[in-house]
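Below are structures written as structure tokens.
The following pair of complexes shares a single chain, chain A, combined with chain B in the former and chain C in the latter.
Moving on to the complex of A and B:
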């Protein structure tokens, strides 16, 4: 055959902390030909959804992972070229650590020169395992093996961040700290010296218990595989859904959520927006949305409230001289939510803010977000008002201290003071804002002052204010 | 407390013991009139006289043999080799007589042999070596390798007090480059106790001598919490401190300036593998000089002696492992 070496397509590493991804769609099938960099499939991870380009040109000889399946980073998903079933090593699609090849080559060179190297220390670390077979997860270091045995954990169930996905000591400790299932019926075994006959209970892989045994919630995706009841249907959970589920639960377990609401007279903003809309759309192709006005006023107000733009980190309070605004964006299919971040929002004027929000929202809907686009937020705005809701209690995006909810702008009769100083009822464009804050850091009075100042900025918005 | 150079601290340690104990005397090539090749004993002859600061003939054999004889007769000689490299001339007296006398005849041999060692200044193959592992391998000898001025003084006093032959490896590159607070009063730094140069959680570097500073600089360049253990003495060495650190971090680099094969790092790595196997999360990594004589050329010498970059690379490999 023309190409005897097949090229592997592997699950790419989308961000440092991402350990697995779900195939959402294959754009090609076995037998189809594809060009290098042409989109081969779409994947979903707990951070982003993205398209995976083909690492090579050729004919797709194998598809090894089907749509809907979730696999670890580094797993071979498909092969291009070669003969079906041939499994020659090949460069991965993304710079995924490939422990076997380079150190092996180095070792070969070192052996060839019989140690007569001039550099002070040329001996490379040997690869963790014969990882040609997979992603390196199969190698378990002595300390990981011991900890796994002591806690009755199956190390293959632990997400690995080491070379080739190897489970490091830190990984397994984090897994335990996060409430890994410990043998429920037995007391935690004390560290034991290696015995000739290890107790099987300690070494056997432990599957999660059938029912949650503590307040640690069972991740929904790991629910025991019973058949659906009458009239029920099962639907696979995407990695993003699972990520959202975990994050929401963790946030409620972490922060002391309190919500305060305020009513804002948006009449001035409505009026100014009408004027600017034509100008901005014609000159810059950008729609100055209400959200942009609110975001601009929020960034400005946050300057005076560093704790609301802050974070509790251990026993320290973190404050910042910048504002990275996250915006909750619903995905097109209605089955997920992502929070892209507009960085350094404090430097943006109204036009810049409108453009920044439009850019990240478009990227989110087109699945073009990179991991960098969704990290580093210092405060979040969520905007469920488009559907007419007038109140809500959003969940804080960890590790931030607050989230602003914006709701429908509706015309309401409102008591105002007229030019003669008399009370009158007027028709005003009113909007509710909520600030949900972490009471561990932010007290109610502070939140109230923040909302008051934010309202003041919006109600007194002048034409010259940007 | 005063800030002193490493060299001053060594000098102070010897001078203090000579004032305190009449049995202590200095001998070596040019140690008297000239004050020593590196001026460690400058002014000693004026203070203590030519009988306690003896200029010896150009014979390391005579110096070590003379010191051994004097020690057997109850004296506390501090002998200087101009360069550690030259001690090979005295191998027989040191290894066959001084190291074994106590086991053979029960006679203590309290000599201190000062060995200016280490490279980094284009001294070439005869003036740059770190031969501590050769002597650490000889039962009956002790080998100390201080890294700080405070330890240099405290270990010198400990070496003079010790009833066994002690080889005092003083790193030439540290002599005037490293300064630190040194207590004025007399104190003893125990032989066989390591010092935690800096605490860390992610990876341990076990080292001694000038490499302590190489490790420190490298640790500043990586995004991880690095623990640096300064062994201070390689024979006896503080196994417990090393194992404690390995149990904490589970990743370890053994770093030394001596050559790799047969270097003392191999002993440390083997002990870790034997006694802390179940605490390891990565292979034990050695960083050392390659197995060649020390080159003259500054470029080659830099490639030879472990540099900050080499340690940074090693740390990064272990961190990401």
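Moving on to the complex of A and C:
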């Protein structure tokens, strides 16, 4: 029975704790006919893909949410039948409608319409240029809004053929294909982008994407799937990003983070490195980086500070007779980081350390790390100094007790005592080091002594320390 | 719940069997049914597989199949216990997230029986060992009118290298995969794990076991 009024297909309720779903596949397109109960689309929630049957027989008149988009339960996904007239709300397209879940679905519907209200409230925020032609098209679907913002189009200028004159994706596409006044029209909703951006206004917002609204560790990045605001863009969160978010949050919830910093005169290391660089590169194909020097000195120093190389495990303090050094490695494009581990770092000399670090860093970037390469770290070094930063407060890699931050080496005037006991100002290569430690296990005085000893090793680096 | 033990079954063949059984479970013609099996080396690509996830070296003896389950790409091979619960979820809470959590719970209990301390990571469905996170079991589900197909794959004793070398499994770039054998430092036969896994599933879903061994696949 083909309906004369349109029937809405809505995102079904897939469980009491499920608030949204992602469209993975439309089995039908606009203009196709469909029988009631025939699979219309597939949605994905968590790692579950679900077929959604059509709630009615008829011709698909509108598809409002595209593949890959995530929307709240109750959101209208498509319309079946109808002649641009009023649409009749249909029972939610639940695979097996159960009376018990009906109230929940209704509540979700209500919530969804509230979400739409928010969208229309937000409308006046977009530049009101030439919006006199607006004919009550208050609601713009997320996909249309995105296309509009990508092309610098005010959606209210687009003739709508959808229900109630709503602008569909087809409408806006046709508008663009027809050589819409893209450049002629004001580069409307890009308040923060450079004013004279050429046509494909693909410029990322100057401000970073909004942080997840929820501060709760269990829901990173699961902000409600509403449309981005004017000038904003959404991009999906990768699994790795979620993993990092989760780990960072959990670490801060676990350890009592405290950071101490110390200034190190690296002049001697700089001098020795210059000498060794050619030799190591020619003979072994490995560059003795500053990080290798610092790692070598750190492994030595950690042997004297078993708690900083240790771990709180329940009510026990774990100490070890070995040092497994983790190195925070950034993956290409700033898309994430991983902490491969150099095992038994206490047994490595400078050359071995340089090789070990180069090896794991390469494996990390080439995605060749095995499970063994990332397990069992006892202490971590992070090296953000390459960008010139001189201080930071990194987050401990759980369940370790500390993380060393290394920063830019810069030439600075430094007061030294010369051989005659007189003070003098000298130009020295200085570097700051930070130790961020878990104050549950490591006290400030211990951290201070560790940093002092580490500094001493680096400042007095001699031939025997290779 | 009826448990069927199938041994090593080619992926597509197992998929057809699941679909046939799902029709019967949906109509009430058969009770909730669980298939335990292993697959020959196979890479399966879920609906959410992204470009660049698959990078199989030339000449690798592995089958690549696109499937209708949730999740991204994964790898199957002998030594991995594959479990396909064909359940009518209207009898088990009718909640996709609860179903995923329940499967994870069954896996965690199975691993606990071998003194492996496994956990969940919020937002990363599957079962993990902690610090650093390494994945030991993957989950991917398909629902038709609330009847489930596909299920979980538990790495019992297989080389986890293909998870990272051949594919970016589950789209998890840079994450490690592991197996029970690797964690326990000894060979672990799948036969040793299967009965424990079946019992754990029965316990979590609150159903009685009705084992049936099929000699032929």
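The rule is simple: the second predicted complex is superposed on the first by the 247 of 466 C-alpha atoms of A that agree within 3 Å, B and C clash if a C-alpha of one lies under 4 Å from a C-alpha of the other, contacts with A are read in each partner's own complex, and residues count from 1 in each chain.
Here is the rule we go by: a contact is a pair of C-beta atoms (placed from the backbone, for glycine too) under 8 Å apart; a residue touches a chain by one contact, two chains touch by 3 or more.
Predicted model, so just to flag it, every value in this text is computed and none were measured.
J.: Who does A:271 touch here: chain B (first), chain C (second), both, or neither?
T.: The answer is neither, since A:271 touches no partner chain.
J.: Considering only the touch criterion stated at the top, classify A:367 as touching first (chain B), second (chain C), both, or neither.
T.: In the superposed model, A:367 contacts chain C only, not chain B.
J.: Return first, second, both or neither, reflecting whether A:398 touches chain B, chain C, both chains, or no partner chain.
T.: second
J.: Touching A:417 in the superposition: chain B (first), chain C (second), both, neither?
T.: After superposition on chain A, A:417 lies in contact with neither partner.
J.: Could you say whether A:25 touches chain B, chain C, both of them, or neither, answering first, second, both or neither?
T.: Only chain C; A:25 stays clear of chain B.
J.: Considering only touches as defined above, state whether A:338 meets chain B (first), chain C (second), both or neither.
T.: Only chain C; A:338 stays clear of chain B.
J.: Applying the document's definition of touching, compare chain B and chain C: which contacts more of chain A?
T.: C
J.: Report the residues of chain C in contact with chain A in the complex, numbered from low to high.
T.: Checking each residue of chain C against chain A gives 46-48, 68-71, 90, 93-100, 121-126, 131-134, 139-146, 160-161, 164-165, 168, 170-178, 182.
J.: Quick check: in the complex, which residue numbers of chain A touch chain B?
T.: By the definition above, chain A touches chain B via 97, 115-126, 128, 141-146, 162-163, 166, 168-169, 194.
J.: So in the complex, which bits of chain A are touching chain C?
T.: Per the stated touch rule, the residues are 14-18, 24-25, 42, 44-51, 53, 95-96, 98, 101, 217-222, 238-240, 242-243, 246-247, 331, 335-336, 338-339, 364, 367-371, 373-375, 377, 397-399.
J.: Over in the complex, which chain B residues touch chain A? Could you list them?
T.: Counting only chain B, the residues touching chain A are 250, 260-261, 277-283, 285-292, 300, 303-307, 310, 314, 317-318, 320-321.
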